[in-house]
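Letters A, B and C mark the chains in the order given here, with residues in each chain numbered from 1 onward.
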Amino acid sequence: MGTIKLQNINKSFGKTEVLNNLNLEIEDGEFLTLVGPSGCGKSTLLRIIAGLEQQTSGDVFIDDRNVNKTRASERDLAMVFQSYALYPHLTVRRNLETPLRLRDYSSLERFPILGNLLPNKKNKTKKIKELVQKTSETLKITELLDRKPGQLSGGQRQRAALGRAMVREPVAFLMDEPLSNLDAALRVHMRSELSELHANLKTTFIYVTHDQAEALTMSTRMAVMIDGKLLQLDTPQQVYDNPSSLAVAQFVGSPKINTIKGSANSEGIVKFLNLELQRKSSVKDSNILIGIRPEHLEISKEDSNDSIEGVVSYRENLGSDMFFHIQIAGDNEKLIARGTPQLTSSINIGSKVFVKRLRGEALLFDHNGSRIKFTSDN
Amino acid sequence: MKNNQYIGEGWKHAILIIGALIVLLPFYMVVSISLKSQQEIQSISGGLIGAQEVQTFPVCTKMGMSDETCTMKPYVYNYWFAFKKAPIARYLLNGLFVTVSIFLIQVLIALPCAYALSKLRFYGREFIFSMVLFCLLIPVHAIALPLYVMLAKIGLVDTYAALIIPWTISVFGIFLMRQFFMTVPDELIDAARMDGMGEYSIVWKVMLPTAIPALLAFAIFSVVAHWNDYFWPRIVITGNRDLFTPPLGIREFRGGVDSDEFGPMMASIVTITVPLVVAFIIAQKRFIEGITMTGMK
Amino acid sequence: MHYSKAHIWFVGPAVLLMFIILIFPILLAGGISFTNYNLGNPSFDWIGLENYEKMFSRKTYIKMIWATATYVLIVVPFSVVIGLCAAMLLNSLRFGADIYKTIFFLPVMATLLAMAIAWEFTLHPTMGIVNSFLANGCGGIREFLFGFHWLPWVNSNESWYHIACENNNDFPFWLKDRGYAIWTVCFIGVWQAFGFNMVLYLAGLTSIPRELYHAAEMDGAKSTWEQFKLVTWPMLGPTTLFVITITTIRSFQVFDTIEVLTKGGPSKSTYVMMYAIFEKGIQQNLTAIAAAITVVFIMFVILLTFFQRYVIEKRVHY
C-alpha cells in the first residue's frame, strides 16, 4: 500500500509562510506531480512528506499511520534528489548497496572485518548483491557498477540515484526535480523512461517539478501549487481543459492562455472585443476575463463575421507548429494564435489577419481569477 | 523532539565550557600573577587580582631607589618594575620593525615571481616552479644551523639583517600568489599592455590590487608567525639586547626563574603578548579566514 | 601568454634567494656532517660517517629520536582528533560558536614561549594552581574523580591521588619528573595545536553538501555515528590529509617549549631533535654533529611530506 494523506499542513520559516493549510490525498500506485512556479513550496512539501522537514502544524499519514513523530529513515520512503546526492567516495555498486546494508545488517554485522564472521551475514550479503544486480539491470547501468559517481555523466548519475531509491522497494518514491540538471533532449527521453518505470513498478510516485510539460506528460494526477496553496488536484487533461482558476490556466499550457477583458450584462450575455459568446455566464453584471487557448483560435487572411482583426507582430516557429502574436486592431490587447504550417508561409510580420475562435472553448474568470461557470454547465 | 534538542545543546555546551576553561587556564594564570604581590603568588592566595595591599618592595630598594618610590600597590609595581628592568617598549618596536620588514621584502620578491610563473612564458618556467615546489618541503627552521654558520662567517650575527634575511624568500608566498594569479583573466593583463604598461607596472598596478584578499591572508600568516618566532632570534642574537624581539624579551626576564620577581615577569609577558592577542580578538574573523584560506590553497 | 625578458628580473631574485637561503644550506649541512668542523676553528678533518654512527649508537641520540617520535606520535593524533571533535561540536551549535572558536584559537595565536612559561607556572609543584587544586581536593570529590576511584578495579587506598595526599601532598612535578615531563610537554603541544586544526575542519565541514546528509537519512543512517562514517569522514578526506601533514611538520619542529621549560631533560626524556641541534650546534659549538642531526631531520621531514602529499593525496580526492 502506498497511500499518503496530508491534512491541514502549514509551514512557516520564521515569519514567512510557505505552505498554507494544504490538504492532499495521494492514492496507491499513482504518479502524482506537485507542480508550480519556483518558490511555491512544492519542494518543502515533498521534504515534509519525506520527514526531512517538520511541518509547523498539520498531520502526515502514510498508509493511514500518523508519521508526524517518525523520522525520515523510518518512513520507508525513498527520495531522488535534484543533485542526485550520490556518495562520491563509493562506487555505484556500493551506493546502491548502502540503504540495504543499513537496513538489513545489524550494527555488529557492519563491523569492518570481524562482522564477516557472523553466520547470517553471508546470506544477507548474497541477497543484497542479487537485489543490486537486478535493479541495475532494470536501469541498464550494470557496466557502470564499479565506477565512482565522478566518472559518470549526468544521465548515468540520475539512473544510479534512481537505483539507490529502487533497491529498497519503498512504499513510495519521492522525486525532487530529478530531470532539471539534464540537457533538453535527455530530459524528454527520461520522461518516457520514468513513466515506463512507474508502470512496471506500480509503486506510488510523488514527483516535484516546475516544468508544466513534464507534469502534463507523466502524471496520473497533478497538484498545481502556487504560493503555498493547492489550487487544483486533477488529471492532467482536466487541469488543462477545466482549470479551477486563472492562475492554473495561465500556468499550464504553452504558450500561455490568452486573456481578454470583457463583461457580462444582467442576463449573463458575455461580450468582449466585438464578439458575443453563445453560452451565458452564471455571474451577471460584472467585468469578466475570457480565456482562450492559442490552439482554439483560427487565423485567416479573409474577413468574416465573428472574427477579430489584427496585425501580426511576431512569429514563433516551433517546427511542427507556428504561433502568431497578433496585435488587435484598435485595442491594446494581444492574442497568440496557433497556425498550421501551410497557412503560415503567406503570413508574415506586419500582415493583416483575421482571428476566429472555435466555439465552445472559452473559459470565464472573474476579476479575482476564480473560474466562472456557464449557466449551461452543471 | 524539541526538549531533546535543548538537552543535547546543554551537554555540548558543558563539554565545550570545560574545554574552554582548560584552554584559558594559562592566560588566567599569567594575568592573575601579574597583578599580585610576591607573597600571594607563592602562597597561592588572593583570588584573581589579589588583595592589593600597598607594600614596599625589597628588590626595588636593593636597586638603590628610595623607600618612598618603592612603595605602592602590587599591580602598579609589577608593571612599573617590568618596564624599568627591561626595555619592553624597545622589544615591541623591534618586533614591529622586523615583522613588517620581513613581510614587505617577502612581497617584493614573491609577487613578481608569482606573476612571472603564472602569466609569462619563458624558458625554464617549469623548472623554476618545480624548484618552488621542492623548497616548499624545506622548513626554514630545519636549516637554521647551516644558515647560522653562513651568517657567522660573513659577520652578520647579532644584526637586524640576520633576523630578516632568511625569511625574505617565502616560497609559500610565491605558491599562494601564483595560485591566485592563475585565476586572474589574461584579458585584464593584455588590456594593460595595450594601454602601454610595462611588465613592471603591471605587477604593481594591476596584479597587486586584485590580490589584496590573498595578500591580507598572507600578511596575517607572516606577521603572526614571525612575531612569535623564538627559535631563529634565539640562535642569531647572541649578545645585543637592543635587538631582542618580543619572545627574546620574555625569555630574558625569565632568566632567573628562581629569583623572587614573578610578578614583574608575568607583567612583561602580559605586555608583550597583549598586542597580538588584542589584534586577534578585534579582527578574529579576518585572522581565521586568513589562516584557513592559506591552508586550503 | 607573453614572451618577455622581464621575467629575468622578476624571477631572478627569488631564484637566487631560494638557492642561497634554502638549497645551499642543505648542501652545506651535508658537507659539514662528514667532518669534525667546529665553528670558529680554522681547520677541520673529514671523518666520513663517524657522526652518523654516533647518532645511531650513543644513548643520548637514541633518546633524542625517541623523544621526537613520542612527541610527534602523541601530538598529531590528539590535536587532530580533538580539533575534529571541536569543529563538529561547534558546527552543530545553535549559538555561541564564534565565542568558542575565538577561545580555542587563542593558543595558536599567542606567543608559544609566553604560554609555555604560563603553563610552567600553572603546573608548578608548589605555586601552581593545578597542584594546589589537587591538594585542596584531598579526601573529597576531586580525589574520587581524578584518582579513578570510580573504576571498579581501583582500590581507593592505593590510587595515585590518595598516596600523594598521604605523603604531604606530594603531587607530581609535572615538568621535573622524568616520567611525566614528556607527557606534559606533549600536552602543551596539543593545547597549542588543536585550535588550528579545528578551524581548518570547520571550513571543511561547511563545504560538505547538505543533501548528502539528507540522502544518508533517507537511506537509513540514523545515528550521528553512522552519518559520520557515511558522509562526514569521507568528505573530510582532503582536509584531514592537510591537517595531518601540517601538524606533523610543526610537531617535528618543536623547540620553544623544550628550551624554556625542560632543556631536553630530565635525563634527556624531552631531548627533541631541534633542541639537540641547538644545544650541540649553537651552545656547545659542536657544529659537525649538529649538522648530521640536521641532515637526518631534513630527510625525515621531506620524506614524510612527500609521502603524505603525493602518495596519499590521490586516494583522498573524489
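Heads up, the rule we're going with is that a contact is a pair of C-beta atoms (placed from the backbone, for glycine too) under 8 Å apart; a residue touches a chain by one contact, two chains touch by 3 or more.
Bear in mind that the values here come from a model prediction, so they are computed numbers and not experimental data.
**Q** Listed by label, which chains are in contact with chain B and with chain C?
**A** none
**Q** Name the chain whose C-alpha centroid is most distant from the C-alpha centroid of chain B.
**A** It is A whose centre lies farthest from that of chain B.
**Q** Can you compute the centre-to-centre distance for chain B and chain C, using the mean CA position of each chain? Integer Å is fine.
**A** The separation of the two C-alpha centroids amounts to 18 Å.
**Q** Report the inter-chain centroid distance for chain A and chain C in whole angstrom, where each centroid is the mean of the CA atoms.
**A** Centre separation, chain A to chain C: 57 Å.
**Q** Using the average of all C-alpha atoms in each chain as its centre, how far is it in Å between chain A and chain B?
**A** Averaging C-alpha atoms per chain gives centres 60 Å apart.
**Q** Can you name the residues of chain A that touch chain C in the complex?
**A** 47, 50-52, 71-74, 77-79, 81-83, 85-90, 98-99, 102-103, 148-150, 164, 168
**Q** Which residues, counting only chain C, touch chain A once they are in their complex?
**A** Result: residues 209, 211-212, 214-215, 217-222, 226, 230-231, 234-235, 237, 318 of chain C touch chain A.
**Q** Please give the residue numbers of chain C that touch chain B in the complex, ascending.
**A** 1-4, 6-7, 9-11, 13-15, 17-18, 21-26, 28-29, 32, 39, 86, 89-90, 92-94, 96, 100-115, 117-119, 121-122, 126-127, 129, 132, 191, 195-196, 199-200, 202-203, 242, 246, 249, 252-253, 255-256, 259-260, 274, 277-278, 281-282, 287, 290-291, 294, 297-298, 301-302, 305-306
**Q** Looking at the complex, which residues from chain B come into contact with chain C?
**A** Listed in rising order, the residues of chain B that touch chain C are 9, 12-13, 15-16, 19-20, 22-27, 29-30, 33, 41-42, 44, 109-110, 112-113, 115-117, 119-122, 125, 128, 131-132, 135, 137-150, 152, 165-166, 168-169, 171, 174, 186, 189, 193, 198-200, 203, 224, 227-228, 230-231, 234-235, 246-247, 250-251, 254, 262, 265-266, 269, 272-273, 276-277, 280-281, 284, 287-288, 291-292, 295-296.
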